[in-house]
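Scrolling down, you'll hit the structures one after another.
The following pair of complexes shares a single chain, chain A, combined with chain B in the former and chain C in the latter.
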Partner chain A sequence: MAYSSLRSPNLSPMSPIVEDFLSDSNSTFTSDEPLSPTLQPQRKYSLLKAKPTTQLTLDISSPTTYSSSSAGSSVKSFNAISNKMESGVCGEVRPKEGSVDDILLGFMNRSNSTELHINKFLSTFGNGQRKETDSDNETESEEEGMEQADSYIDSDISLENNCGKPLISQSPDNSLISINEEYTGYRRKYGNEDPQSTNWTRHRKHFFILSSAGKPIYTRYGDESRISSYMGVIQAIVSFFADSDDTIRCINAGQHRFVFLLKGPLYLVAVSRTNESEAQLRDQLNYLYNQILSILTSTQLIKIFEQRINFDLRRLLGGTEPFLDNLATSMSDEPGFMLGSIQCVRMNKDLRDKIGNIMQSVKSKDLLYAMLITNRKLITLLRPKKHSLHPADLHLVFNMVNGSSTFRSAESWTPICLPKFNNKGFLYAYVCYIATNVCLLLISPDKDKFFELSEAKSIIVEQISMNNILQDLEETLRCDGYSIADVGVPGLRHFIYKSRTHVQYTSPTFVEPYCNPQERQILFKLYRYTHDRMHSRVRSLKVHYYAGSSETILGWITSSFELYAAFGPLVSKSALTSSSHALLRWIKREEDNLFIVNSPVF
Partner chain B sequence: MEAHGPSITVPSSLAYFCVYNPNFGPTEETQKDQLLYYVAKKTVPMDVKMRQIGLAQGLIHFTRVFSPLKPCENVHTQKNRLTFYEPEPNYWIHISIELSYIKKIIKDKDGKPKTIVEYLDSNLHDSGIKRMLQLGYGMYKMFNGPFDLTVHTVGIKALKNKLEEFFANWVFNWDFDKMDIAKTIDGTSYLPLSSSARKQITSFTDKFHSEYDFISDILILKNNKLVCSGKKIITEDEIRELLRYLFPLISERNKFEIEIEKQKNKEGEKYYTFKDFTRTLSGGNLFAFFSSPPSNTTPKCSPSSSPTNNTEIPNSTFLSPPLSTPFPSLSPSPSPSSSSPLSISNFLIGPQNLQGGTDGVNEEEIKPTTIYLNKKSIEKTIDEECAHNVDEYYLLSYKKNSITIVFLIPHSSLEGSKKIHDITFYRSIDTYLSSQTEDLINILNEEEERTRIIGTEIDKEYRYLLFNKITLAVKSSLYVNNITYPSSSSSSNNNNNITYNDEMSPLKGLTITNEMAHSLCDLHEDLEKFPHITEIYTRSSSNFWIVGKRIDGRVLYVVVPKKEASLTEVEEDVRRLISLYFSGTLTDNFD
Partner chain C sequence: MSNNSRQNGSESAARAGGENGITPSANLKPVQVKLVLLGEAAVGKSSLVFRFVNNEFQENKEPTIGAAFLTQKCRLEDKVIKFEIWDTAGQERFHSLAPMYYRNAQAAVVVYDVTKAASLDKAKSWVKELQRQANPNIVIALAGNKIDLVQPNEEGEDDSESGRQVPTEEAKAYALEAGLLFFETSAKKGDGVRDVFTEIAKKIPLEHIISRPRQVNSNSNQINVIQPPGANRSNGGGPSRDCAC
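Moving on to the complex of A and B:
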């Protein structure tokens, strides 16, 4: 092991956590929800398994469960962490508080003692910003131009493009390479942006996660270690209100909206100029929080911060940024998050049933859920009679599979916490692609069932390959959904229909005039506005109709469905009404194919 | 979980209100000099005040990082709402409002009673608070001049005093829970005129201008409706601020006139007991017209006023501390002279006693009211003294029956400045107007009668509000059944049938519920935010429809409380309403 070379300053802060967990009598390695729950058993797998994969290697080594890394860098992180543990055991345990910690600590203390200091701190901080303001006056006039360029940021350019690529540092200044790259080889978009620059501040939607002590944990853009001062201010603002037994929820400033979600030791903040409502942004923060829980479980999260309020959680989450990034991007593109439901592949009911039956045949008492998914859409899902799977949990599963390209290359076994199912413990997911775009997930509560589930997969694959079922499935997936022309309703441009009974939604593919990502974003924005108005907590609506310059949008909610439909700007209200009814009739006819109406149970 | 026992609703209330300028106290030692005015529900120690404005500045600095041009406008917390308004560079008006909440006792899963508190964040509209602060500042500025001008001419101390005088009582009477769309929009009601009537009005003002050429502008009001907005020396924005000031005075004077009529009719009573009268006055103050507007079809003039509250006419405005008392002599002398109340002049703002000899009134007693109006952009100069871009005018107002006439005389006019202190000038105006206003009153009564006949039927079905963003003109039937103002039928002769009546309100059966009022605000905020939207139709969970529609630069809001109606039927209804109300001559004056 390259002991010395790994003792880079970036990695050294790892040691305190090891110390903490070792010194704890309920040590990580013996507790039920260990920090790295699969540490021991998985090491065993790697020895037993004939062809250990990258994914497995990583799981063994890293307490951080996931990575989208290339093989080389995961080995590196494996080494790094083993190294940490050794140094921990050897007694080299003194935490080395960086200067940032000191500053923040100092700031915290001051903010708790005299409020005047907050003011002073904020003023000094603000004065620095004032200069920015002046230079920004010029850029503001370019708003229109920027707007377009910016919309790419939230558009659906997949992160995956970046994930698999080997790390090449494009920055002339190597010191800017973030800690993530060092770990995993994952290179973030905009990762090197200077938080003082207008490029950084002008992103349409920022997400920040920080600890209640003000330590940065995650930022969607830029580098966490360079936004400490902002996180300090957020922490100060939050604690100001907390001192008077109040909770800050939202700040409005021009086009910008700042939304706060306080979850015990974690503060989550969205800074957005996307016109999304407070409730919608808070929902998104909840998804991000759940993503963190899926990596750590709430038990661990709370325990870590109970032991050390000032803990730097990045040490545990290192390598998981791709999942948070991917989630952040998906939430801006996919209605499923907003609707709190998931999308199914539209396919022949018989085919779906056949697949379901095959999966059902591998009855195993180790199996909790089994599902077949493709590109964030569900093909079929098997569940125990007593447990359904919450859409929020399903989104996490989708995000996991989607967030890393390594699942495509081999069988994987990974712990995952599904917070709506149980936020205190891990489940274990067997993930394997059985065809190019078809991913099989088998979820077990037992961490030792890798081989059993791998066996089950073999049976499923074998059966599904017979009788052309897989072929039919792939053919269906190749068609990629249905277009609005298939629906055959005059005047209708696009729609989203959510079945409230099945908690699933369906939506046609985008055709003219929504071919490029910007246009889709604009349409999605319109849906989002209607959705927000209709779901107002105190003044919910049954119908919301509005005519804009390029679209007319109808929102219609009943006890069994939610419909969001887009028409041309000049459609008459009677035409719109009759078209909507025609659409509903079509959906009723197609219901069995559009939705999983009866999901098979164990 | 089910409701158990009664629930208690606690209304929103002011936590604190302050005005500060960070430049006045840049160091830690001088920080308290930043504070120009502070008022709070409870006594607050200085360090807490400092903490609050420190936080305010921190929030503004922080939000500037992301939104440099528009920093923090408001903060929503679980229990409070903070709002920030910077009317002049570095001068911040900052208010914190405690949200209203409902306290309920419910049974938890185990059947044990549990108290839950629900804060009603969404019932307090940011647009309403914003308008309230703007209006507050606007009125302050109109009668006191800009903050910065005061600091430069008389110093910070004087500014502090003025702020104290103006805001002291006022802020506590804001009724945050009664902010409806009309208050948020805060437009001006016009009396629609036929073209012949308009000609007559124009000839009246032309004649008047030629008689008194130093008077630069004339405004005419019929009850609470603007008839003539003059030569635009005063902007639309300023007109509404001026009207918010005038309405309570008018209402006060009306009430006074009724009392006098009563007294005249009561033969048995030798003299009017002023003691009784004054007792009915609620301890006059400026906020009277913010907490309940006196007399209008736009009862929403103030951010806080309750439209349902009009039965009690706010009076006693003359005691309002913030503004120099316009007619001090209204306070009657204790002498039992029966003529005393009748000696009040027709000047609403101006000397109250025109009687007595030439030397009967000491000229120094005439203290004309000055207002500050924004300079027109063309007149802006780089001149040091004019840096504040305001012009000073003397404000004079004359009321006869349902008509109120407002005069503006520029300070720059030498003749005007001289005359304004001369009692003979007032006498001459009084004489002139007494003879000239009769016709005017008759014309306007006819016009008012004409507009009233239309649409009383349809008003039973719908409520609407039409707003022109450019002229700030507003036309509304939202709260029409709450109107109380002097009947115009009293007019032609100076008869004693000035009454506060309900005869304008045969429109029972449709009340704007709280939910409707809030939904209208939501709709208004949306239309403001998304200029590309041309119309919005919403159907609430309780099945009423609300429509917002842009028509030729104006916005129409309609409430259609028809449970069974479909989208197409509602559209038909709106069409009917538009063709009935908003076509032809009726809108002439509107634009």
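Moving on to the complex of A and C:
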């Protein structure tokens, strides 16, 4: 409850905004002063104290008021925002109903200046067309969303043409952008998007991470230092509810859903019009939070913010944007995150066992986990008898290996925290590609064991290269999964099967009619919808049948599996039932090859 | 890879490279040299190593995670040197791991970005740390990277905008004062990269390593403890030994 002190929202919620604008113009200003939130206004706002916050937009017209040395660029961008804020007031449709909206309205009335920002914030994503949706009426909105889905598919593919070019159509101040480039070196794909541009608002799902002091930490799109005003709004919303000892969870605003996850010193927010449910978005925010923990550990995270609530966490997270970006992207098209399970390579059980045995033979006391992975799929995993590895941790490992190409060029040694294993300390991962797409990971609790593990790798590689094992493995991987034709069930187009006992899922590759990414996205959306209906907290379902215009989706959950199967739109219910049973029989038969049934232990 | 040494005509004269042409003759047992790269994030450490090891350059490389380990063999006069290179990540959060990598190193390359003055300050603090805590005999080279960005005759790209923030003289003077080898490099174009490693190889007391391989490492810490810290600093960090260069 860091915000119990913020009794007057008229002033306080504005604080981080102004502060960050000031700090924008002078990068040394950012983080080094340890400012508690209570002290913050007194110290930083001495500049602005004399002026009521409501006059802020007017005062901006004379930029010299603020500071003599402040760079023109930051003032410019401030101007741009204030203009938008004004237009936000005129052309804004206010929320009308709903308890959350009522509270928000009340909130807005208490503070004019914040109102401007909130309207702006909400309307940025609303594209002007605000529709009140009853949150119970999800089916309708879901279908509506699906129809629109073809126009904007939120994956990296559809906006390919934008990448690389700085999208600064509206704001002329490139200086801010270049400052940030220097900061990280690596240029992110969407890192240059201007938060004022339509390209930025067009993205269907945004993720924001900020500190409880309102400092931006991460944004999926654009440059986080330029969205400070939105961060201020988020902080204001959160602290408003915190004031009455409540916690904001979700705002449904038209097509958009704002989901909040408050984790100690971090606030994570998803803003989405993908029709994902609150629970699904919250899961995704949890994955992002775990990703941050895997970089810092919770001990370090908490300690940092205990010492300095105003700390700029980007300093410590520098260089990890590719991981967060990669995670955010893959959560949109990987069922594994939604299902809380991982996928492994379908391969001959004997081959898998042989590889497992080889890895087992080099076990040393320095080793905690050993795994062989390829493209986000597990080949085999070696673990201690007493410790299994949580799927969420495995996702983090996959995401790390997948998120950076630097592992491909050398042997790497890096600290990693696996939050489900132990969120307080680091493990050390030896990462090395032993073939083009085969990555060996050896995880040790000891930070000095690189050379021991490197030696273990040499032995594994040596043995695995003998007897054609590596060759067989590469041959298996070249086929890249299996197609629905291999399953041979009539009428079945695609499926996802999660084995609850093994916590793994399997799914065939996409073939017609799901060859292009948009079709795939629509199918995935249907799966997601089915998943949500069946896992709804209010009324969870065992079987769910959905007949849409282009496919029929069956969802079926038992104590041992979850099945999501897609059929053509005209399939009869009896055909669907018998096909599903045939599919289950096939999976049962193939179980040893599809899943890692007994992972080797030591 | 065999064209490494031939690629840059001027540098092939430096007798380094050509690792593929090495014949395993009896007296050509490779001498292992542990080398660590340090410096601020995004100055081009990995790109330097990548140029040295693979003679390639990758645009917009992702930041190194933790540290990467690479090896490269070089021929120097009648000896073969095997560089074991720790390419560390420059991000602040990895700083606490750095001692693990430089603890046993015989050489260090501290890299800064000539277009970013702050990166030289960071480099200086690395040098200080090395001179205080690393092997007292460590050979340190200071490398100003990205000179391709400040070369005036850059065709087309007007991006360079004379963006140099660290004058050569300034860095050189500092290197001289601190007893470092000094280079300006471009990992992108390959300028000066091999020189860094060649000169390091020349300056390292190789005979010393050959005569008692690997033991240098285990003893080094003790030596460091016994010596007063001032002793290291006064003689410029130790590298001013009587070696040929």
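In the analysis below, the second predicted complex is superposed on the first by the 420 of 602 C-alpha atoms of A that agree within 3 Å, B and C clash if a C-alpha of one lies under 4 Å from a C-alpha of the other, contacts with A are read in each partner's own complex, and residues count from 1 in each chain.
As a convention for this text, a contact is a pair of C-beta atoms (placed from the backbone, for glycine too) under 8 Å apart; a residue touches a chain by one contact, two chains touch by 3 or more.
Predicted model, so just to flag it, every value in this text is computed and none were measured.
Applying the stated contact rule after C-alpha superposition, one finds that A:Ser574 touches chain B and leaves chain C untouched. In the superposition on chain A, the chain among chain B and chain C reaching more residues of chain A is B.
When the shared chain is aligned, no partner comes close enough to touch A:Pro335: not chain B, not chain C. Within the superposed three-chain model, A:Ile237 lies in touch with chain B and out of touch with chain C [touch as defined at top]. Once chain A of one complex is fitted onto chain A of the other, the partner contacts of A:Val271 are limited to chain B, with no touch recorded for chain C.
With both structures placed on the common chain, the touch criterion links A:Tyr546 to chain B but leaves chain C unconnected.
Chain A meets chain C in the complex at residues 182, 184-187, 295-296, 315-320, 322, 400, 404-407, 409-415, 429, 447-448, 450, 454.
Listing the residues of chain A that touch chain B in their complex gives 115-116, 118-123, 125-127, 129-130, 132-133, 136-137, 140, 201, 206, 230, 233-234, 236-237, 240-241, 245-256, 258, 271, 273, 275, 278, 529, 533, 536-550, 573-574, 576-577. For chain B in complex with chain A, the residues that touch the partner chain are 22, 28, 31, 47, 50-51, 53-55, 57-80, 120-123, 126, 515, 518-519, 522, 526, 529-530, 532-541, 543, 566-568, 571. Residues of chain C touching chain A in their complex: 41-43, 46, 50, 54, 60-70, 87, 89-94, 97, 100, 116.
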